[in-house]
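Read from first to last, the chains carry the letters A, B, C and D; within each, the first residue is number 1.
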Amino acid sequence: MHRIGFIGLGLMGQPMSRRLLDAGHSLTVWNRTADKAKGLLAAGAAWGASALAVAQASDIVFTMVTDSAASEEVICGRGGVLEGSRPGLILVDMSSIAPEISRSIAARAQAKGVSMLDAPVTGAPRLAAEGKLGIMVGGPRETFAACRPLFERLGAKIVYAGGSGMGTTLKLVNNLILGVAIEAAAEALVLATKAGLDPQAVIEITSVGGARTGAMETRGPRMVRRDFTPHFSASNMYKDLSTALRLAEECGVSLPAASISREILRAAKSQGKGDQDSCVVMTVLEAMANTIVKLRD
Amino acid sequence: MHRIGFIGLGLMGQPMSRRLLDAGHSLTVWNRTADKAKGLLAAGAAWGASALAVAQASDIVFTMVTDSAASEEVICGRGGVLEGSRPGLILVDMSSIAPEISRSIAARAQAKGVSMLDAPVTGAPRLAAEGKLGIMVGGPRETFAACRPLFERLGAKIVYAGGSGMGTTLKLVNNLILGVAIEAAAEALVLATKAGLDPQAVIEITSVGGARTGAMETRGPRMVRRDFTPHFSASNMYKDLSTALRLAEECGVSLPAASISREILRAAKSQGKGDQDSCVVMTVLEAMANTIVKLRD
Amino acid sequence: MHRIGFIGLGLMGQPMSRRLLDAGHSLTVWNRTADKAKGLLAAGAAWGASALAVAQASDIVFTMVTDSAASEEVICGRGGVLEGSRPGLILVDMSSIAPEISRSIAARAQAKGVSMLDAPVTGAPRLAAEGKLGIMVGGPRETFAACRPLFERLGAKIVYAGGSGMGTTLKLVNNLILGVAIEAAAEALVLATKAGLDPQAVIEITSVGGARTGAMETRGPRMVRRDFTPHFSASNMYKDLSTALRLAEECGVSLPAASISREILRAAKSQGKGDQDSCVVMTVLEAMANTIVKLRD
Amino acid sequence: MHRIGFIGLGLMGQPMSRRLLDAGHSLTVWNRTADKAKGLLAAGAAWGASALAVAQASDIVFTMVTDSAASEEVICGRGGVLEGSRPGLILVDMSSIAPEISRSIAARAQAKGVSMLDAPVTGAPRLAAEGKLGIMVGGPRETFAACRPLFERLGAKIVYAGGSGMGTTLKLVNNLILGVAIEAAAEALVLATKAGLDPQAVIEITSVGGARTGAMETRGPRMVRRDFTPHFSASNMYKDLSTALRLAEECGVSLPAASISREILRAAKSQGKGDQDSCVVMTVLEAMANTIVKLRD
């Protein structure tokens, strides 16, 4: 059993850390707003006064925060993980951040003898609770090997992607597909509507066969109900597609469909819909087609 | 039990007609090349001398042929179904053809008292054999109701799409999603390769989570092995995307991602790869990026 | 001097036929609405009772009508040019129509011993009056040679494009460039506005240097004044881009920028702006960017 | 008459500084490689030992260097303009650089009492020699007013674009149009070729009418001769389109045609053609269409 630290107790961090606790590890947690820790403390976790304190109390520290900036601060900032670290500590950053930031943090960690993995995930809170996430891991192979049993407690699909920054790189590629698939679903529903089909028929038929996509399965029903409550916001999807396209610039890869999908997402943002779910791109296409997707009675 | 006719015994028609026979219906079949009927005849089916003869011997005739032209010929041509029909016959065309051709055939059928459904399918031959196809049906609702038990013998997902031509319209929308999803998979694999990832890692991580697609699941493994044996050829995918975009023209719907995906597919065709599987679009993107997708050792 | 017939006295046909008359040729005209011929008759032209009658009275007949259908009717229909033709007549169709229609008409003309040129033009009515049109000619080279002096009376730039249908093909390629250049101008003006520039500055700087385009020069001032009075309507531009893309399909050429420009034009049409000038595509981009292009005070 | 300094004597800087000298101003010049100054010194210019020395000897200093980095170094670096400046000096950076770098340099200049204009140009060396450049100016309006007579010596079209950084912003918008127009010209030539037209016919007809573009006029003849000698390289055009799209990201503007044009340009770069002229994008489209554009004999 390990002494585990967990920093970042949001919608994902809570069920993930809970699964580690329930597996019998000792757990010290910290979150910017202490409130979120209540359930974990009641279940036996300890409270660390800061990210620094969590690091001091742990052999392996997980971080699961919002973005590149938050990750950098909680790890490299004042009172952060690296200030409380000692050589030999393992750091696993499961946040979805830009690969170059991830590499930069890993280098600073290494300078203090801390081995870091970048290990972003796919999957909703429910899958986190069930230990069925997808986990993409970058960093030293031996650190990955050491952490593997913990990853298996959290995810159903663990993929080692390569050296430092490759976990977050794989996440970008994953989200590129997601972004284009959402655009495709939106185009299909708008076309179906104007062609006189019930959009529900599209959702149903694409639940089987080669045209099935997670995008339609998850978001199709919400799109036809016009429920744009954010699961993954248009702004965040836009940010990820932009980072993927910047990677494509560096690598020299032309991505016509991803590129044009980003232009539509940008329109959603410009129209003030950035905080809604990424499937709100449908409304951009609706306006272009002068129609509204809706279910038949 | 019905007297069923089945015309068109290709890779799909054989297992489909076999399932109807095995359910206890009497079955009369015809195919341009008689050879393909051997197994069915051995299992108890009768041979019709022509499409006309099949129609005379049946209450419900299924047709499952290559394209709009073949469908038109076998139904409306000399010696075709309508020459052998009588009022009350039901005709179910399961071929994937253009909606306006389907509507035109249905009108000619109706003039002879024959009620026709357009009922194209999704799914590979293996799924046909297991009765797990997706079936999209257009035509008179009461004819659909009458045929429903037969459809349920053939498919796991039966969707009534509306009046005549709406089954084939839904098929176009389905394939629009498929075409864009294949483009997305290809873009992802090329980017992954140049970004230093093992493309296999992309296939694995997208087997779970929101970014999963039938396109990657089915074609990803073949793409990284460079196996472009046609399951659904680039030319056929191109034809379907083109028909979908023509529908979008008529309806007035802008489809940026589908539109650009078609331009890439067209390049594959122009480069002489039209007979290969539609996932051969990956090679167009590879040439643009000056790279080759391959698995790590 | 020739006996010339001229059919179609619209905004272009009037000044064009007038220039031929003023050069000393005898001129017989016909137009669906006779009114339009007043000025020409006053200036010495004769009135033909029909297209047929015009053909009987002439050695060379020009047609300048709206579209493929009108061209086909006035030439091949009842009372049309071919009914009044005799072997040796020359027919010059200056209408902008689809190449395959043009070829089909030429074949029917040839069957009656009539040699036809397809010779669409570029340029506004004012340029027609000044004899400064661009003229693209397809058809037999010797017929072109025979008509060249007449073309030089009408245009400043005469281009022989090849056999029958190649004049109209060249017109499509010309309009493909125009369509994309208008899209580029619109994108530039919207970006400039949101970037805090006066759009007038864009118009001015692009009046010199490599970035100059007829699209911006002609339409930029109208775009910033929001004057969408049709010079070349969005619907007609859409039709031409669509025909060009259909040609690209047949030839096997991928046209990413033309293709995406057409999707934006289609949105303009879907939004009910098809009758406005093609530069109304700017309003589609404005809506996507949630802004309005306007001049600074 | 002013005491003018000129730093950067490349293909553009030489004719530009010469015109200022010839107008009777005293001129002090500096260039990284002294060689390039020979002609100017022979004509009466003085040599400054460094950018610093040029600044000390001048009332108005012009800089015309390669890119953002070179501009920053020659102005803000050791031995640069600002080290030799005194309050009241005017600095005119005519280099084409990123707006945010321009603004940052201007702020550092202002801190030393130096008023800076960003004033990039359009036009080839020949136009520079004739004083017919286009000049886009950003910065304090009164500094612009003071420099206007000098700009009029250099350019035929002087556009005041707004505050600091707006000159370079306008240059980006200008080049966005150029980039899309080159893509359009390339698409047109490839389509024309496969449609059986002589590409020369496209060049000729688009020299008149609404479809005329500087891109085709300047580059068309080179494209059909396959002369890709760089006038403005694919890499530089790619860089400018990328900066323009980054501006579009910040502003929230969707640019479908510019976006897709950049993907094609990126392919040219990936294929090792970055140092060739930007019209080399034609070869990317040729490969996609499996053809070669060439003149008829």
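The rule is simple: a contact is a pair of C-beta atoms (placed from the backbone, for glycine too) under 8 Å apart; a residue touches a chain by one contact, two chains touch by 3 or more.
Remember, it's a predicted structure, so these values are computed and weren't measured experimentally.
With contact taken as defined at the outset, chain B and chain C are each touched by A, D. Homomeric contact chain A/chain D is classed as same-residue, with over half of its interface positions used by both copies. Of all chains, the one whose Cα centroid sits at the greatest distance from that of chain C is A. Put simply, the C-alpha centre of chain B and that of chain D have 54 angstrom between them.
Between chain A and chain D, the centres computed from C-alpha atoms are 42 Å apart.
Centroids of chain A and chain B (each the mean of its C-alpha atoms) stand 36 Å apart.
Each of the following residues of chain D touches two or more other chains: 248, 252-256, 260, 263-264, 266-267, 270, 288-291. Across the complex, chain B is touched by residues 122-123, 127, 132-134, 136, 156-157, 159-162, 166, 169-170, 173-178, 180-181, 183-185, 187-188, 190-192, 194-198, 201-202, 204-216, 218, 232, 244, 247-248, 251-258, 260-261, 263-264, 285, 288-291 of chain A. Considering their complex, residues 242, 248-249, 252-256, 259-260, 262-264, 266-267, 269-270 of chain B touch chain C.
Only residues 256, 260, 266-267, 270-272, 284, 287-291 of chain A touch chain C when the two sit together in their complex.
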